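Structures given as structure tokens follow.
Below, chain A partners chain B and then partners chain C, in two separate complexes.
Moving on to the complex of A and B:
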């Protein structure tokens, strides 16, 4: 049993390489998704129906079709339309487009939640609509939606596992390859799961630190909860108290 | 002599704010039914009246946050009824809102300097200097680095007044500036407003603070049902109101 684990762990450079690829392509997809989401949100709030309509179609089509299918379109169908992408490129494009649709709605809600009075005050101060958006509305909107946006980043990291279907050598796909070689199913997918946990938690932690530094006045911690250690300590204290009472 | 179109005419009076025949409707609701008001330079005009009488709408028309359906609106020589020229008024009038509308992500100083930096495009150093100056004027020199959420309602409203003052407005509009405040905080805001009036600021104030109206206004306008029902000096309007509706209203608000 123990030998199985050591044997499985011999492939550690391959796991780490795959996890690194997962992280890289997830971040790339996230940047794309944020750009699309912001543009989409602006388009959906436009006064012109001709701008609103394509954004609405984008959101509805993406949110109502499977992401796996979108990946197949990006990788298998686009070449026949003359656009040949590498598996990683297609993966980034598909994931970015997919999450961009969700971010469109998230950003839109965040912008809408900024009170009208903010724009009115800006207008009387002679700030142009663009400057009002940039300096007044957007910072508040981003603050409103920051936790939801980070949640989407986690979704991207987890969703990137589907890219194994278009032969991207990311973490899940790599685990499958290793598994077919050594057949240590529990160990291989266990290692992959642990790496996903480490990846997502690290990303959320970094995002929280960035959020705390970026937003003024500072955001409250996104997940107000005890640290594991403090939790154990208070649990232990409670146990001692219960014993004493008994 | 060439006859100018109404749009190009110069203001009909030398008044800082001049409205004539202003109508405004929101859907089926006719909010303003022909209002004429003039505010001379350095004058403090207080609009009073029951809620729904059209006071706030009138004030919002004066700073182009709403547009009149009919009538002429001249503010500081800018014809707000001319859609092309109306935006000229921005940056030259100050507006103080009932809900403060401070920018929550910027400090008091950041609120005050935003338009100086981005509209006037003056240097950060000059903007900060000017910002601290106006914050001192509203008695908040020591709160420059506080965020709105860290300030009391009265302090927030004074920051909002400072933010408007920073742009050197020709006219200041106040839309129920003390209505969202705890009663014990009203005084600090009306105090600042009084000192502005003493310094000769042209002001149009919508308020339910009858004491402020009585001892600071040069002119009180009583609005009812979308028209100016009665106007005059505070002594006249408060002392011997001619209209039954005015008497009724004053009776109600002064008793409580």
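Moving on to the complex of A and C:
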């Protein structure tokens, strides 16, 4: 049993390389998705139907088709139209486009949730519409939706596992290849699962710290601020109380 | 006194014979062979994205050479067949977790794989060749330096290419069909796969061609079963011999484009 784990860990550098690629392409896709989401949200709130319509079509088409299919289109179909993307490029484009549609709706909701009085007041203070948006509406909108946006980042990291279908050597695909070679199914996918957990938790932690530093008043921490030890202690105390009552 | 000891000896040896015959009998009861005949269904994993060995017809029913082999096997057992679609990478996990009774999916025998599963005698042989666009200058492993080469995850081909030309850039796909698509769409410069499969693909699409050189020596493909079940393996081998000598295999081969080790 122990020997199996050490044998499976012989491929450690390969796993690490794959996890690094997963992180890099997820972050690239996230940046693309944020840009698309912000543009999309603005376009969906536009006064002009000609601007609103394409954004609505984008959101509905992307949200209502499977992301795996979108990856196949980006990688296998686009060459027929003269656009040849490498597996990693196609993967970033497909993931970014997909999550961009969800972020469009998230950002739109965030902007809508900013009270109207805020922009009216800033216009009264003679700020231009652009500066009103940039300095008054956007920071509050981002603050509203920050946890939901970070959620989408986690979705991208997990969704990148589908890219193995277009031969991107990311973490899941690499684990499948290693598994077919050493056949240590539990060990190989166990290692991959742990790496995903480390990756997503690290990213969420960094995002949480950024969120706390960037917003004023600061965001409430996403989890109750209680150490594991304190949590166990209070659980134990509750148990004792229940026993006493019984 | 002597007579007593002789009869005691006979009694103990009789006992020993009884208990030793108990084990094989109970093992035979536990054999997949018994389970299949009792349940009336033979579960076979085949790769249905690998024509002419496995694919689906217009009614979405499994078809192909490997599917026909599985059907013939079930017929000989007098049971129904249930084909389970699988991929190259999932053949061994399917057997190790007892999801299927046998794997009939172009399963090349290797010593490495035989550590995890048991193989029958080979029922088909193949070479591994390259498929490229007709306009391509690639003719052998030497020409693959710096070129993108599509293979399937869990097949023997990725390692064979790396060994033959370390400068080749390997892309690993889930199915052979996806690898063919990558070559057709110019996402890969070449792919390596079973010669029977690639000849069939090149026949379907005139923009593709197959190289003459085999990338690896001849490969022997066999039926894979779980380890530790000699009765089941023994039945499959006995049946395979009948399947070949009776001309059933040859008849299937003539109707398809595959080639059996005994008809070559």
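Throughout what follows, the second predicted complex is superposed on the first by the 234 of 246 C-alpha atoms of A that agree within 3 Å, B and C clash if a C-alpha of one lies under 4 Å from a C-alpha of the other, contacts with A are read in each partner's own complex, and residues count from 1 in each chain.
In this text, a residue touches a chain if its C-beta (ideal position, glycine included) is under 8 Å from a C-beta of that chain, and two chains touch if they have at least 3 such contacts.
Everything quoted here is computed from the prediction, not taken from an experiment.
Superposition note: with chain A as the common reference, chain B and chain C can be accommodated side by side. When the shared chain is aligned, chain B comes close enough to touch A:117, but chain C does not. Look at A:165: by the touch rule set out above, it reaches chain C but stays clear of chain B. Of the two partner chains placed by superposition, A:6 touches none, neither chain B nor chain C. Of note, the Cα-centre angle with chain A at its vertex and chain B and chain C at its ends comes out at 160 degrees, rounded to the nearest 10. Of the two partner chains placed by the overlay, only chain B lies in contact with A:140; chain C stays clear of it.
Once the two complexes are overlaid on the shared chain, A:216 sits against chain B while remaining clear of chain C. In the superposition on chain A, contact of A:185 is made with chain C only, not with chain B.
Once the two complexes are laid over each other on the shared chain, residue contacts for A:64 go to neither chain B nor chain C. With chain A fitted onto itself, chain B and chain C come no nearer than 50 Å, counting C-alpha atoms only.
Chain A residues in contact with chain B (one complex) as well as with chain C (other complex) do not exist. Across the complex, chain A meets chain C through its residues 75-77, 79-80, 84, 87, 164-167, 169, 173, 176-177, 179-181, 183, 185. The part of chain A that touches chain B in the complex is made up of residues 115, 117-118, 120-121, 123-127, 131, 135-136, 139-140, 143, 215-217.
In the complex of the two chains, the chain C residues touching chain A come out as 88-89, 92-93, 96, 115-116, 150, 153-154, 158-159, 171-174, 178, 181-182, 185-187. Across the interface of their complex, chain A is touched by residues 63-65, 90-95, 97, 99, 101-107, 114-115, 118-119, 147, 149-150, 160, 163-164, 167 of chain B.
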